[in-house]
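Both complexes below contain chain A, partnered by chain B and then by chain C.
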Partner chain A sequence: MTLKSSPLSFTVNGKPVGPIDVPDDMMLLDVLHEYLGLTGSRMACGQGICHACAVILDGPGGPREIRSCITGAHFFANKSIRTVEGHAERDAQGNVVRLSPVQQAFIEHFSFQCGYCTPGFVTAATVLVERLKTAPVARRDLEAAIDKAMGQHICRCTGYVRYFEAVRDLVLATPGLVKG
Partner chain B sequence: MSPRLRRFALATAVVVGIAAAGALAVMAGLFERSVVEASADAPLTPQQMKGLVERGRYLARAADCAACHTAPGGAPLAGGLAFPMPFGTLYATNITPDAETGIGRWTRAQFQRALRDGVAPRGHLYPAMPYVSYRQLTANDTDAIYAYVMSRPPIRQENRANSFPFDYVRPTLAFWNLLNLPARGFVPDTTRPNDWNRGKYLVDALGHCGECHTPRDLTLGMIAQRYLQGTRIENVDAPDVTPTGLLRMGFDAAALARYLPAGTGPQGVMNFSMYDVVHNSTRWLTKDDAAAMATYLTALQPMVSASLAAAPASTLPPAGRQTYLQLCSACHGVDGEGIAHVAPPMRTNASLRVSSPRNLLVVIADGLPERALPDGERYQAMPAFGHVLDDQQIADLATWLRGNWGGTSAAVRQVEVQAVRPKFP
Partner chain C sequence: MNKALSRRGFVRAGVASGVAYKIGFIGSGAEAAIVDDPRAQLASWIAPDGKARFRTDAVAKVTGAKTFARDYRARDMPGWPAGQSHAFLIHATRADAVFTGIDLSLLGELKPDRLVLGDELLRDGLRPPTGGVVGAPGFYGEVFLVPPGETPRLLGQPLALLVYRDFARCDAARRRLRFAPEAVRWGAASGYNTPANYGAARFVRIAGPTPQAPDIYAPLSGTTIYADFKGDTVAWPSADQAGDASQRGMWAAGEIDRMIASAGSDSLVVKRSYFSQSADASAMEADNGNAWLDPASGALRMMMATQSPYEIAVAAASMIAASGPAVKSAVKSIDLSIGYTVGYGTKDHSIFPYLAIVAALYGEGRPVRLANDRYGQFQMALKRHSCATDVTLVVDRATQRFRLMKGTYRMDGGGRRNLSPEVSMVGASAAQGIYYLPNSDFTAEARASRAVDAGSTRGYGTLQTMAPTEMLVDEVAELLSVDPIELRRRNLMLTGMRNSQGAVPAGAIRTDELLQRAGAHPLWRERASRKRAYETAYPGRRYGVGFAIVQKDYGSGGEASTATLELLASGGLALRQGGSEIGTGLTTSHAVMVRDILGRAPDRMSFGVTEWPEMPLTSTEEPFTASQEQEDTWARDPRWTPMRQTAMSASNSVYFVGHATRTAARTLLSLSLWPAALSIWSAGPDGGSLRSLSVDIGEARFTTDGKLSAGGLEPLSLERLAAAARARGLVTAVSVHAFNRWEWAVAEFDVPGAGRLSLPADALSVRYGDGGYTFIERQKVVYPPLARLNAAVTYYSGKAALAEIAVDTATGKVEVLSHHSILECGHQVVPQLVSGQIQGGVAMGIGHALLESLPLYEGGPGDGTWNWNRYRLPHAADVAVWKQSAEVLPPLSDSDAPKGMAEVVMIPIVPAIANAIAHAIGKRFYATPITAEQILEALG
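Take a look at the complex of A and B:
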């Protein structure tokens, strides 16, 4: 198949990007790394298994996680995404002034060691927390909801329990995410 | 009553009487022809039984008894698998040798009659049991399966009662058998070589392939004229596996002989019900038997062409190609080459080459679980795209795939997509 490039415009972390010329078969992760200098989303398996590359797609159905290593960049034309670089509060110079609650919880719980999988876990946990704001779950269903939201993410330092506890504690400490 | 009226009443009574007697005679089995020889009445000696067990194990796998008689997560051969039918639910029975709840008390002749005549000690079997196919089993092979089944650990598990409103329709199955049960068992074709006959026996008698791949008529009997031409099973198509259908999918005898036990090849991966068939049955076939099945099924036709001509790109929807590049190409390859042990190739995939796009559409909409196949081969789970793509996007993708690699230029229509995904209204 002969491939060409096409102009791509989309929104990344609240800022409009493009139009930039992107090859038709290029995956989003490569565009983030090579064109936009956003290297926080990780390439690991490259085939959609590990979820280290996951970013947030903000659409009409609310935020959802999507794997950037197996989804073509042009799928995101005129759509809006958030990468791990877009979660913390920043000052006018772009310096981080405050981490997001999810990021802060992961640090307080010593959730990660090498940190390679962490951007994907931040993505999944953020989507979960935001979804619980609009659709809270019963307390007894919380563990299952966390498992469903994060269970596909792979961490080879085996930080699962600490990731899990961080998200559970954050959800329980945030008003309105759990009913009953 | 006038004499004329009396004569009429008498004649009517005689006709009705004869019809009733005829019906009773049918239900009593007077017209049923058993293919079981009288010699089966003599029990096998314990030594004979012991000697048959290993061959029986092989044959029970080739006949895929476990497909129905072992429920998922259940004890082997203890039954319990549900068959939801429009008129109620049938449950597969316990065929372990437990005397109370299984078939431990069955004699050699009773086992033969059940498999080859469809009549168990307690009455007619429902044709969900493929006795129309097993009728072609040889007496020796049936004995071997009997010996194997009787050597299994007895499992005490009561059969679940079928939820049919009228379980007393059982005797009427004698009528069904008159229509649909062949009079004779397997008759080798002496004009054909031995491996062809062995293949036919494996396909028709043991493998009972026609039970899913041959369309059924209104009585639910297999239509002989449409033997193995493919039909709908639940939500998907059991494809046409006549020589023409197999060639269209990209199988010659050698390729099919490899595909049956491996469950995968350039043509893709055995999915849906056939995934279980690989694990329960075809992976255990000897090389010779797999080759014989392939020889018979392909009728030794040479492959006309290894690859199909692509439809002209100008006739294919550009949106389909875009969707492929955006959502499929990372795993299935920009050129449809796939990734070994991750995702099968598209450019040689049988699902794109069959006449109906249904199975392709089901997979695009619902995705597939990860697959573990013989010899350590595996494939990754495929995500579902039913909630990502709308009907027209899926139709365009399927049209482009089938046109580009499947040699099919007919456009897939939105209604065909809607038909396979009631789950995503």
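Take a look at the complex of A and C:
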């Protein structure tokens, strides 16, 4: 064995994971895919450009989006993340019982076609909605807030409109997220 | 194409070597042995009124379930071992020197567990498949890996396969070799090893005195003229008015040249050259495959990302059959699974799945996963052809009617043939756009080079040819001082007129409605006043509105699919379909189409089905290349069909693949539900409630709760009808196979108990009661003649685009302020899917117009340094995400067929933006993408 590795423990979708032996230079996305079988976060550019790999890092500063393809797995030691697999409510068998509001908005708006980029958009939109709960935005600034949250995400099929409109409609329909 | 290497030959070879193949779609109901079908989790996807609330696959996709081929590892595949190997490729970054070997000293102790070079593959007799379902000889080139001692044909060509027994070392090694040209040893400069150019074709037409009169010459009544190259020059046939069809065509081409040369002062003759860049489709799921040669059983099991699974399975069998004894004796069967995928055409006929198979053959008994990273994807994914265009338009100054158009479209296919001749031909046949041309001469040239190979990509060559036409027409309007929309209206191809191949398009042409709506749109009507107001408000910025319109073919001239629809004892429906999902929403739209006809969406659905025990057909798979005499002979066999299953491409899912679903549904209505209903309505004393009425099947209607009624008769649930059909031994399931060659094959069937039936299908099976299927041998069949291929296209959908842009004169940057689309696509099965296609197509078009570009050769994608940091894809801010709009023409009636529209939607925005820039700054550009640098230079 030529790769230096270390034990890694962290929390994924509310469940403790580890310690597992992970190479020191491995990115989180590869750990999710190859060690944990969680393939919902997608590899597309591997360079942090497209955000298809984005997951939520829950920390003291609140939830934030983080690109798992360019962030080392050991950065997440003892931290807590949410992947797209962790958003919906599931029964004991793992079947989806209820989608998150963001997921529900996306499916009702036909926001995606191939769906490869969808996990990244679920992540970004969820972070936005959760942050708006503690820091609502003025109505006139809502579209700009959505632009900022999701503007760097790449979708190659649907041209963004149905993602952005879904989030706008969800935010407007959720009490307390918008001021004025 | 080489007719000697027919599919029939493949099958024989496959049988001789004992290789059988089987394909299954992962997670697809009846064949979902692999995973539970996540799409079944929410049955509420369809509302009681039959409208889709969300896509059938929506929940799986939005929760991150395994749906893509890329999501699967060996441990996810039933019957596969838990552990697996991983592999990657080293690619050529030069094409001008002899490849002498690999130097892996950089890797230190990260050397692969298995290193495979091209000479080993050749020793084992492993070469890319060719002929038959694949296409022409040399379709994928001659080798998988360039053998040491040879010069690569193309940049990015694979040189070595590195296999690792674990992911971590594979991943670390791949990263270490990234941007490391020293890992490849090169010998002496050798010059380029470019193959011969791939071919040329020409569509020449001289109309009769009126659009309705017989053509003096046209491809449909004469021929498409084909030619090979001598060096870089096309060797066209000689011209002879009394010669064969090709020679007469060349005579007609000469006549058109004479018309151009003799055009007088009453004519405006405009000659322009354009260039459309090489582009990467950038499907977010990069090419990948996971395959395992099970040493115990000899089964080669695969999970592949592909738009053409049928091709992969059949051609893989042929590839194994043609290999050396070691491989041939090891592989006994092929079992292909597919997941959802996306490729915008580039996963149709790609070499990648075959490379993944090769990797498995060197996996030492373990599954091997070969999955491109984005750098590798740029190095070897099929590209959109670059195209150099020379075009001449002759316009009658008095009438402002187009007299003739001549265009030459030179497409760079790169270093492998792939579908380059076909793509360039389709492009040339579409170049006329929406216009009626009494005289036209369109030439397609598919040229070879050392570039990464190009292939089927959304638009299939037509973006490259129709965008110049629309930029040219806009400029001609300026030269003639006429409104660009008005000039277009004067030159429309109207319903019943012939296209540049001499064929009459299907159905009503409604482009004039698109033009009228565009002309009435505020963006167009007020463009002058808006320009003044904007430029006053924003000094330093220049405002422009541009318009363009196209009509685009859908389908390929060889379309086929099978659908089986079963009336379950419960009253539910079960659908099996040969088509598969590539992101467009096929699974949803097919379910809705069944609901539209039978009042109920299928309760069970399987897509990507290739095992058809109920439809035992044989196929020669030569729908484009057989002779008429051959087809006439083969067609005598009632179990023969020209083509079993089309690939998912050419915007073919809703109309062509959907035709099988719709025909199955209508046939189930007429053979099962309707007679079952009559038996109930007529039962009982005094002839039942039917006796006093007169109804026929044309009056059949489904109530909102899914019950069948007609003419005031008692609504009957499908449960009751299913029970009656079973009790009376009526038909309870139908399976149809349909084939289209710019018209549908039609056949007559004597259905026991139902009589003579004529269907737009070439094969029919039915099931009575709870018995097995009965294949109904057709009594008569009419296949569209092969000469119909010369039509090149008869199915069109139309789209217009208005683009509102601003140019920053300081930076040259173009901002898309808003855009408006107007689409005609017949009946919208799921309007939200249509809308999503429009929005996504426009985004991709904006990328082509302004952002996306690849150098073809050195410094281009083959060099292994390309990713989305430098290949700029459109973001939301680039596409006017909050300020765009679209409208779709209402159908002419509720019986309009749905039209394919996934490609046409991306095209007109490209010339519309170019025309808007011309409006903004008074300068025209003839090459895409139109960059800030070009604009700054033009502004001086």
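Everything that follows uses one rule, which is that the second predicted complex is superposed on the first by the 175 of 180 C-alpha atoms of A that agree within 3 Å, B and C clash if a C-alpha of one lies under 4 Å from a C-alpha of the other, contacts with A are read in each partner's own complex, and residues count from 1 in each chain.
FYI, a residue touches a chain if its C-beta (ideal position, glycine included) is under 8 Å from a C-beta of that chain, and two chains touch if they have at least 3 such contacts.
Predicted, not measured: the structure shown is a model, and the values here were computed from it.
Within the superposed three-chain model, A:L3 lies in touch with chain B and with chain C [touch as defined at top]. Of the two partner chains placed by superposition, chain B and chain C are both touched by A:Q47. Looking at the superposition, the partner that touches the larger set of chain A residues, chain B or chain C, turns out to be C. When both complexes are overlaid on chain A, the residue A:T71 reaches chain B alone and has no touch with chain C. By the touch criterion defined above, A:T83 reaches chain C but does not reach chain B.
By the touch criterion defined above, A:T39 reaches chain C but does not reach chain B. When both complexes are overlaid on chain A, the residue A:D24 reaches chain B alone and has no touch with chain C.
When the shared chain is aligned, no partner comes close enough to touch A:A173: not chain B, not chain C. In the superposition on chain A, contact of A:G159 is made with chain C only, not with chain B. Residues common to the contacts of chain A with chain B and with chain C across the two structures: 3, 25, 46-47, 49. Touching chain A in their complex are the following residues of chain B: 322, 325-327, 329-331, 334-335, 339, 342-343, 380, 383.
Contact residues on chain A toward chain B in their complex (touch as defined above): 1, 3, 24-25, 27, 46-49, 69-72, 74-75. On chain A, the positions that touch chain C within their shared complex are 2-3, 5, 23, 25-26, 30, 33-34, 37-47, 49-50, 52, 83-85, 87-88, 95-96, 99, 103, 106-110, 112-119, 122, 143, 147, 150-162, 164.
Interface of chain C with chain A (complex): residues 41-42, 53-55, 57-68, 70-73, 75-76, 108-110, 167-169, 171-172, 175, 281-286, 340-342, 344, 373-375, 582-585, 830, 832-833, 835-837, 839-844, 867-869, 873-877, 879, 881-882, 884.
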